[in-house]
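Next come the structures, one after another.
Next, two complexes with subunit A in common: one pairs it with subunit B, the other with subunit C.
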Partner chain A sequence: MIKINNISKKFFIKNNEVQALNKINLIIEEKDCFAVVGESGSGKTTLANIILGVYQQDKGDLWFNEEQLHKTRNLQQRKLIQYVQQNPMSTLNPKKTIFSTISLPLRIHKIVKKNELEERVKQLLSYVGMEPEFMVRYPDTLSGGQKQRVAIARALAAEPKVLILDEPTSALDVIVQSKVLNLLLKIKMEFNLTYIFITHDLSVVRNIANKVVVMKKGIIEEFGETKKVFLNPQSIYTKELINAIPTVLDKEDMLKPK
Partner chain B sequence: MSMSNKLLKIQDLELSFKMYEGISYVLKKISLELDRGEKVALVGESGSGKSVTTKLILGLLNQKNVSKKGRIIFNNKDILNLSQSEFKKIRGNNISIIFQDPIAALNPVFKIKDQFYEVNLNGGKISKKDSFLKACEALQKVSIRDPERVLESYPFQLSGGLAQRVVITMAMINKPELLLADEPSTALDVTVQNQALDLMNELTEATNTAVLLITHNMGVVRKFAEKVYVIYRGVIVEEGTKNQLFNNPGHPYTKALLESIPKLSGDGLPKHNENPPDYALIKKYTH
Partner chain C sequence: MNIFKTKSFYKFSRNPLSVFGLIIVVIVLLLAIFAPYITPFPEHVGPFTDFANKSKPPDSTYIFGTDKIGRDIFTRCIYGYRISLILGVVVLSIAVPIGVTMGLCAGYIGKKTELILMRITDIFLAIPALVLALSIIGLLDRPNLVYTMIAVSMAWWPWYTRLIYNLTRSIKTEGYITASEVMGASKFHIMFWEILPNCLPSLLTKITLDLGFVILVGSSLSFLGLGAQPPTPDLGTMVAKGASMLPDTWWFSLFPGFAILIVVLGFNLVGDGLKDMFDVDV
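Showing the complex of A and B:
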């Protein structure tokens, strides 16, 4: 569905050259829950930004089905891929009500008529398990988990095919985190979505992703089916990452590679 | 005697905020104890009252709308209602703190060396040059290879992991008796998180410093703490040693906390009770 072909990206910081991505090749298939794992600075977010069209890659090309995507995209292309960011506190405009936040993509992409906006926003809120009363509220009156739900509803509003989730739960408590993850899985089934799930939390990856790519300093360290990668990691770095997971059960410790 | 061994003893601590909407009761008679050199975790979700507990210990809640009751006994002395000038002597010397976000914890407009100088002044008179050397030595000990460069940098020039090492070193430089660690590893990557915890462990062990670790991550608790208190909406619902709590959790909320962590075994995500009971009403479980 998405084909990433030999993509490289460099940044220039003062006089230093930073190779954020180095010849990345990946194929993301339809209905995948595709996890991108790595530490800060590994190039996860740069990759997401190139797929979204925020950055232009230096080399290589990006395909969505049969269509090549560039940084400048038409409305139809922009609609396909939507984004949920890490920090729910800073992703919502504090001066806009939840209604105007969620209805913005509906208006931009002309998904419903003006008089149906309210009905549609209510419906979107119900998908993420929120009451219609939230429409008139402002972001700072919501909890972290609720804000993240609003961000998900906003991403769904454009009726995308692909959702890029950039650390959607790392700012949340464990209990809230697992509620949001359950919600994401439910939505994925309901709308036949493809997820690109960016995270450094490997225990989450183990439970929701079917494929995982491990990145380090802009290079792919390991790629494969989640189960296989966790049972038998090939690269030393992947082993390190799995060993670093804070576990709560003895039987989990036994699963860590030596 | 065991009495003198107790470094911190919190007894029936109550805290409430007077707000426009009415009074909000944040802590409802919590009690906890720390021995010298002991590593204790206080676990709970956002809004449970973890962070305000550390603020009370440091004397940082003095606004007009705050009402507090109970006792915080540190070194056999009640410090709950000490004056700010007395607290100034304790902060940084006897009790220090590490915050969640290391970049935000450092002052963005001062170089690291100047922030070390301020902390070093706490221990008495010191020249800027000596302070620099002292900081250099301390940073070298935590395996920072180029301490001079780090000290001459501004906080935004450091990576998250490096900044957290700096903050931990800064908190430990005056060899405090008690270190409060408020989610010290939540903002970090898994590998860096482990390094930060190991570093905290190493430094506090060397000076026999007690640690009160505030977190919501049971995995971190299991790695670091010896004794655990679970707090829910201002009530301590369970206390016990690490082994008791992980092998035999007694309170339904503790169980929920443990279950909500995705497991490495990959058995799928935990299912949720959409209408959980009010855990605060269920009796406290003591092992």
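Showing the complex of A and C:
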């Protein structure tokens, strides 16, 4: 479905060259829940931004099915890949009502007629477990978890094929985290979505992803099926990451590679 | 959202100086709108002479006195507010849309656009507003109120470009802007529907503060003989005409000068209140 071919990206920060991605090759299949893990600065978000068309790669190419994607995309290509961001505080425009926020992709892509907008927004809110009354509210009256739900509804409104989730639960407390994760799993099944899940939380990856790529300083350290990577990690860095997962029970500790 | 029920409005209403400023502005607006019904001698606004009552000091009939051709100064001050407010509103109606559009484009579109638009803005900003307005009026035909408005507008838009440019640069890194880009929203939509609403608190505050300053610059130009021409009752022109008669006929200049002071003070106090209310820096 998504083919990432030899992609490299450099940034210049205060005249210093930083190699954010170095010759990345990946294939993401349809309906995958594909996790991208690594420490801060490993290139996870840069990779997501290239897939989303926010950045243009310096080298390599990106394919969606048989179509090559560039930074400049047409509306149809934009519609295919949507994303949910890490920070619920900045993900919604504070001056727009929830209705205006969720209906934006519907209006841009002309998904429904003008007189059907309200009904569709109500439907999207119900998918993410929110009441229609929220439509008239502004983001500053919502909790972090509710904001993330609205962001998910907005992403779904475009009827995408792929959803990029950039640490969508890292700013939420543990109970809300699990509710949002369950919601994401439900939505994935319901809409046959492909997920690219960017996170540094390996315990989340173990529970929801079927494939995982481990990144470090812009290169791929390890890539494979989640179960295999967790049970038998090949790279020392992956072993260190897995061993760093906090555990409560001995049973959980025994799952870690020796 | 009902603005009167917000914490910000409560903050504004608890500031006595801002409320005082608002009262002044409302009174001045009402006086200007209902001038024909409030003023005792509306006919004194046009080409009118009454030499029998010339240069009369303030008394019960002429509360601000009369000028050297017998016109009531109170009536002319109230009508002068009309000219000043029209000047302020017209100037900002021209300057704000130009400045805001330039600022949004410079801050959002890209480096080349930014470079071109901001250098043009810097050139205009390098010349003081009054000097620039004087030069523009000098280039135009004989001075009148319309030319004054054009000249002051040309001197005023760069300040709005600078303000909106700085705000746009900070807002465009917000997550909701990236979300709109990813969704496929047009640059026009992002600039005017996503970024601009977030600039409005700063913009409204600056407009309120500037109304006072524009009136002041307009009056200064009139004082120099480059604004509204007689017999139009303009506060700056009235101060200028009376200045040569000081201190003998002090009321010629004092009351129009005081009228300018009151309206500028009113707008400044409201602007300062809005600055605190929205918690913005302009």
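Here is the rule we use: the second predicted complex is superposed on the first by the 258 of 258 C-alpha atoms of A that agree within 3 Å, B and C clash if a C-alpha of one lies under 4 Å from a C-alpha of the other, contacts with A are read in each partner's own complex, and residues count from 1 in each chain.
Here, contacts are C-beta pairs under 8 Å (C-beta built on N, C-alpha and C of every residue); 3 or more make two chains touch, one makes a residue touch a chain.
All of these numbers come straight from a predicted model, not from anything done at the bench.
Novice: Looking at the combined model built on subunit A, do subunit B and subunit C fit side by side or clash?
Specialist: fit
Novice: After lining up the shared chain so the two structures overlap, which partner does A:I27 touch, if you call subunit B first and subunit C second: first, second, both or neither?
Specialist: In the superposition, A:I27 touches no partner, neither subunit B nor subunit C.
Novice: With the two structures laid over each other on chain A, which partner does A:A244 touch: subunit B (first), subunit C (second), both, or neither?
Specialist: Only subunit B; A:A244 stays clear of subunit C.
Novice: Once the two complexes are aligned on chain A, which partner has more residues of subunit A within touching range, subunit B or subunit C?
Specialist: Subunit A has more residues touched by B than by the other partner.
Novice: Go through the superposed model and pick first if A:A158 touches only subunit B, second if only subunit C, both, or neither.
Specialist: Touch partner of A:A158: subunit C, not subunit B.
Novice: Can A:I208 be said to touch subunit B (first), subunit C (second), both, or neither?
Specialist: A:I208 contacts subunit B only, not subunit C.
Novice: In the superposed arrangement, does A:I219 touch subunit B (first), subunit C (second), both or neither?
Specialist: After superposing on A, A:I219 lies clear of both subunit B and subunit C.
Novice: Contact-wise, after the overlay, does A:V54 reach subunit B, subunit C, both or neither (first, second, both, neither)?
Specialist: second
Novice: May I ask you to decide whether A:N87 touches subunit B, subunit C, both, or neither, giving the answer as first, second, both or neither?
Specialist: Only subunit C; A:N87 stays clear of subunit B.
Novice: With the two complexes superposed on chain A, say which partner A:V112 touches: subunit B (first), subunit C (second), both, or neither.
Specialist: It touches nothing on subunit B or subunit C.
Novice: Could you tell me the angle at the CA centre of subunit A between the CA centres of subunit B and subunit C, given to the nearest 10 degrees?
Specialist: Given the fit on chain A C-alpha atoms, the answer is 80 degrees.
Novice: Could you state the shortest Cα distance, in Å, between subunit B and subunit C after the structures are superposed?
Specialist: It is 10 Å, taken between the nearest C-alpha atoms.
Novice: Taking the stated contact definition, name every residue in subunit A that is touched by subunit B in one complex and by subunit C in the other, in rising order.
Specialist: none
Novice: Okay, in this complex, where on subunit C does subunit A touch?
Specialist: My answer: residues 1, 174-176, 178-185, 189, 194, 197-198, 200.
Novice: Give every residue of subunit A touching subunit C within the complex, in rising order.
Specialist: Subunit A residues touching subunit C: 52-54, 73, 75, 78-79, 81-83, 85, 87, 90-96, 101, 104-105, 108-109, 138, 151, 154, 158.
Novice: Please give the residue numbers of subunit B that touch subunit A in the complex, ascending.
Specialist: Per the stated touch rule, the residues are 45-46, 159-161, 189-194, 216-220, 222-223, 246, 256-258, 260-272.
Novice: Flag every residue of subunit A that touches subunit B in the complex, lowest number first.
Specialist: 39-41, 143-144, 173-179, 181-182, 185, 200-204, 206-208, 226-227, 230, 240-242, 244-249, 251-252, 255-256
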